[in-house]
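Presented sequentially are two complexes of chain A, the first with chain B as partner and the second with chain C.
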Partner chain A sequence: MALLELSDVQVFYDKIEALKGISLSVEAGRIATLVGANGAGKSTTLRAVSGLIHPRAGTIRYDGTTLAGRQPHEITAMGLVQVPEGRRIFGRLTVEENLAMGAFTRHDRRGIAEDRERLLQLFPRLRERLRQVAGTLSGGEQQMVATARALMARPSMLLMDEPSMGLAPMLVEQVFETIRTINADGVTILLVEQNALMALSIADHGYVLESGRIVLSGPGRDLLDDERVRHAYLG
Partner chain B sequence: MSAVSLALWTVRFLVVALVVAGTIGTILKDRYTTAQWFEFVLFGLTIGSLYAQVALGYTMVYGVLRLINFAHGDIMMCGAFAGYFVATPLENSGFLEVHPVLGMTAILAAGMVVSGVIAVLTERIAYRPFRRVQGFAPLICAFGVSFFLEQTFRGLFGSSVKSYPAPKWEGVEFHWAGLSVPGVDVLVIVLAVAFMAVLYLIVQKTRMGMAMRAVSEDGEAAALMGVDVGKVIVFTFALGGAMAGIAGVFYAFLFKQVYFYMGFTPGIKAFGGAVLGGIGSVPGAMLGGFFLGLVESVGPSLFLDGIGIKAPYELRDVIAYTLMILVLVFRPQGILGEHMAKKRA
Partner chain C sequence: MKTLTKAATTGLLFGVGGVYLALVGLLEMMQARPIVFGAVNLGQAVLALLALACGVVAARDAGPAFARAGAGLLGGLVAGALMALLQVIVATVPLQGMFIAASPALRNMLAFGFAPGPGALAMLLGGGIGGLAGAVLAVTLPSLRRAIVAGAAAVVIAGVFQELIQLMMQYEGIIGWIRDFVYTWQGLRPQGAVAIFVIAGGTSLVLSHRSSADHVPSPDERRRRRFISAGVALLVLVLMPLLAGAYIGEVLMLVGLYILMGMGLNLEVGLAGLLDLGFVAFFAVGAYTTALLTSGSSIGLLHLSYWEAMPIAVLISILGGVLFGLPVLGVRGDYLAVATLGLGEIVRIVVLSDFAAPLLGGPQGVLDIPKPSIGSFELGSPVKLFYLTLVCAGVAAFIAWRLENSRLGRAWEALRDDEDVAQALGVNLIRSKLLAYGLGAAFAGLGGSIFATMLGSVYPSSFQLLISINVLALIIVGGMGSLPGVVLGAIALIGLPELLREFGEYRYLFYGAALIVMMRWKPEGLWPSEVRSRELHAAAGEAEPVAAMEPG
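Moving on to the complex of A and B:
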């Protein structure tokens, strides 16, 4: 069953058409990825799903209900959580507070404490830095905070926007490893990446976006072998 | 060295020279007694504690909306009026004389509630439609709200200056090491600090306070974490408004005057305090408010008397505004603030 389904979504910034009718669906429990060049509309797609911008036409359905007219915080409360591009952690808040912000929509104290413990095991580095102001952390650690913060919401689905951006190659490997782990725990993932090689190699299904249109789609493996994809994105 | 930086250094040098020369001159003249200096400092702290309370509203609203709520001084005025309408019958009936604690609680509660509610209403009616508007429109809207509140109160209650009741117990003075300490000053400072401590705890320790800090830093990211940004903004206005209401009651209590325009000057000064401390920073606003109050109270005598100015106290506003301008020129981020450029656009 498709957990997230976009059909013919059109988004305009003023008069510029950023998304020219996008349709895609993400099956529950899977990893889907949206790859493409800068400015193709990848982030715009995620912003539309999260309710940060409103499509002019088309529908976005999550878990069977339409997201039209819903506010970002309501969408997050439904279990559809975004890790935004550039991490956007709260630099002046402590790591601990950043994690607490992630659980903002939840009220089950015990469950929150359990999840926090679990995430600190997944990211042991963060335990040492709990009381530290998050802005002083390294890029890799900040990505950990961003991911852990989103997982504190106990999401059913995670939208990840360029999680590998600006990280050293070794850390990039780690990020993708983490994505696999999260997915193995049952979280559905829609991953937006410029690093098409890595993204497609872990994705069950991939979509290639080009100037606001999906030009190719198929199982991640198949796209990796596709001549056109290789030529355009993998070099 | 460019001409501009040369000019700026000249200004810096002149200001420092003036302050140093004035201070030395004043000390040599020895015109003021220790008791008088103590009085200046105490009054500076008293008025500073009020500026600090009002400054908090400016800084918090700026934090979540990036808006200078120009009407915030008038929110303070609303609280002063509310307090006045409760204080007058309480005083006339003799209640305030017999039960100072209960009476003051009622007066402060009235000021807090009325200012808080009016602050929330201004947000709901005037500022919310501008939330996504860039540029100067929201600021101009704030000017409009300011005029609206002033003229409404003028229309409703007249433009005359109303005198605030003066219960007999407020004349109490404490004596300590040969200095006399007016009880009112102590009351105002202690309560202002207590209320600010409560506010600080709310901002630092509660869920809503944490959400407020998160929204101040990155509203969109906070929304993605499930924060209802609209609710946080309302909360911020309520908190800042209540704080201004308390300050308004105290301000009226100190100066014994209530009138529709009374919020303007302390509003500007408190805004100066917020800028001085670093706009957006809660501890900065408190610090800046106190600092401005002190400079304004001690500064005229300390800096200006020594260079032969006859009635330096008349120039206290000049000192306060000069300080504000100097901060804007030389350290626009304030004492505790960070560079605006560092903030996310």
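Moving on to the complex of A and C:
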């Protein structure tokens, strides 16, 4: 069944219509991706899902319940956690403190410690940098911190906003490899990406967004082969 | 050539600074305060300091020793020339119509008592010698330099605050003997100055020798040292009014109130990052609530005792803080500062208005507020109330410290860094922000409550915008987000100017200069919080060396 379901969601910034009625669904345990050019409405979609902005019309349902009118922290508490765009980490806190902030909603000390250990195995680089101020890390490491911090909340679904942005090609590969690993552990993922080639190649299902509308959707592989997608995004 | 230009420019800069100090009247005013009686006064010391500092700055990065000396000399000469020129102009042109401070007394001071011609020469020479000395000081061994600076600073403190220190030494026996050796009733004796210089300088030498021979202190050790110095500071605070009398008690009382407010605003600005310029409103709420609940006049509502009214005042302040926070929940940064500025003024104007006058007394205020008493012991004097403030500040500090390390504290810090991300991690934005306003207001309300009983009356005019600005300035100077910083900031910005009360009008000059100097050279404050200094150093591109020590 669909874990996350958007139907006919419209978002306005004042009078400008940023999302013109979007419908999409993400199956539990899968990776879905939303690709599109700058300004197509990808981040707006994520902000609507995580409760930072409220749609004017349409419904967003998570795990069967509607998210209408909920505050961001309530949505996080439901297990739907966002990894924000641009690796927005707490730059003056240490890596360790950033991870601790990720578990802000949790109270099970032992579970937190276990998850931390598990994540440090997934990101060995972070173990070396635990006491370092996060703002001094490299771009790739900051992305790791952002991802690990979100996972510390033990989410059932992760919303990832442009995780490959600004990273060197080799690091991009690593990021997508990590996403696959996280997904294999049972976390459902909605991935928003400009890097359509990489995103579609790991996604079970893809949606192409163009000026606030979904213009194409289908299994990731199929979209990769689609002539229109190739023409528009893959060059 | 470049060195020379730089030295000359530095000299010009310091010279202009000196001329400025002279023309606003500060130099002449400082002249009235002796350091060593009959020998050196504060005005002369400031002149000397200007020349020395000019030499130090001019000689910086000037290369080999002789070049440095030359640069210092040139800088000092240029600065001295400007001052000499001022003196000659004051002597020949009647300037007092424009600059009231350009008096014969000022001329006399700038000429060291000589006639205009020889006086100018003396000033020029003095500037040169001062500059040269500054340059030499800049190239001497750091430990020796530190010793000289420490010695000089000790003499200045002992001289400027002689009245106060003598008050504290009103004993017979050994203390009396020391007092008579160091001071006459008018001020510091030359022999006392020499003794203090030698002792302070020597102590500094010994200390710096020991610490350089030792290892670099570990973070643990540094923390322990900080705790010890904080303990000593507390002890001094407790004993000070006993030793130094009522006036110091009053000053400390004021400092204590500002510490309370500073701790409150520190929660809002330092931790939660909510720049609040209307903070005085909460102070007013606390004061007025206390006044209305306890006042014996016709406007008083319940005629409660102070102890009954204080907790209610704090609660009402919290409520006020939450109400204050509601309209500005979605406002960030600069906009928040302006919005809170408006809210703060609204509170003051409402209190002042005819509309609220039947309840709040309008411009006439509320009179006849009783003093608190324990049993039959009334806390009547400022000194006794100071101890009440100290206890309240201690409790408040403990609460603030616990808050800082709590979940709520972490939520605030996360919100301060990035509201969206903090929410995405599960921080309840509305509750956290309202709690920041409410708890911050509780501290200020407590301060206001004590303020009301201290004065025995409250008036709208006591709650000016300037108080908000003072509180903000003291936490910035002390170090954002740092509790000891609040204490240091309050002492430096509220206590010291109060002690130098004859410079009252120039307090804001001191303020401004202190703020600029702090922001330029020590933006993290006098006693920075760990996170804050990290942030500033990270911004400067200094990676922490800790990472290398962690096992992989």
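Definition applied: the second predicted complex is superposed on the first by the 235 of 235 C-alpha atoms of A that agree within 3 Å, B and C clash if a C-alpha of one lies under 4 Å from a C-alpha of the other, contacts with A are read in each partner's own complex, and residues count from 1 in each chain.
FYI, a contact is a pair of C-beta atoms (placed from the backbone, for glycine too) under 8 Å apart; a residue touches a chain by one contact, two chains touch by 3 or more.
Computed from a predicted model, the values in this text were never measured in an experiment.
*Asks:* Have a look at chain B and chain C on chain A after the superposition and call it: clash or fit.
*Replies:* Aligned on chain A, chain B and chain C clash with each other.
*Asks:* Quick check on the superposed pair: does A:L200 touch chain B, chain C, both, or neither? Answer first, second, both or neither.
*Replies:* Neither partner.
*Asks:* So, does A:I60 touch the first partner chain B, the second partner chain C, both, or neither?
*Replies:* Neither: A:I60 stays clear of chain B and chain C.
*Asks:* Please indicate which partner A:R149 is in contact with in the superposed arrangement: first for chain B, second for chain C, both, or neither.
*Replies:* The answer is both, since A:R149 touches chain B and chain C.
*Asks:* After superposition on the shared chain, which partner residues are touched by A:V49: those of chain B (first), chain C (second), both, or neither?
*Replies:* In the superposition, A:V49 contacts neither chain B nor chain C.
*Asks:* Taking the superposition on A as described, I'd like to know which of chain B and chain C A:R92 touches: first, second, both or neither.
*Replies:* In the superposition, A:R92 touches chain B and chain C alike.
*Asks:* Which partner does A:L4 contact after superposing on A: first (chain B), second (chain C), both, neither?
*Replies:* Neither: A:L4 stays clear of chain B and chain C.
*Asks:* Of the partners chain B and chain C, which touch A:V133 in the superposed model: first, second, both, neither?
*Replies:* After superposition on chain A, A:V133 lies in contact with chain C alone.
*Asks:* Counting residues of chain A touched by each partner, does chain B or chain C come out ahead?
*Replies:* Greater contact footprint in residues on chain A: C.
*Asks:* Taking the superposition on A as described, I'd like to know which of chain B and chain C A:P84 touches: first, second, both or neither.
*Replies:* In the superposition, A:P84 touches chain B and chain C alike.
*Asks:* Intersection of chain A residues contacting chain B with those contacting chain C?
*Replies:* In chain A, residues 50, 52, 71-73, 76-77, 81-82, 84, 88-93, 100-102, 104-105, 149, 153 are touched by chain B and also by chain C.
*Asks:* Once bound in the complex, which stretches of chain C touch chain A?
*Replies:* Against chain A, chain C makes touches at 407, 410-411, 413-414, 417-418, 420-430, 531-532, 534-535, 538-539, 543-544, 546-547, 550, 552.
*Asks:* In the complex of these two chains, what residues of chain B are touching chain A?
*Replies:* My answer: residues 207, 210-211, 213-214, 217-218, 220-229.
*Asks:* Could you list, by residue number, the parts of chain A that touch chain B in their complex?
*Replies:* 50, 52, 71-73, 76-77, 81-82, 84, 88-93, 97, 100-102, 104-105, 149, 153
*Asks:* For chain A, which residues are in contact with chain C within the complex?
*Replies:* Listed in rising order, the residues of chain A that touch chain C are 50-52, 71-73, 76-77, 81-82, 84, 88-93, 100-102, 104-105, 124, 127-133, 135-136, 149-150, 153.
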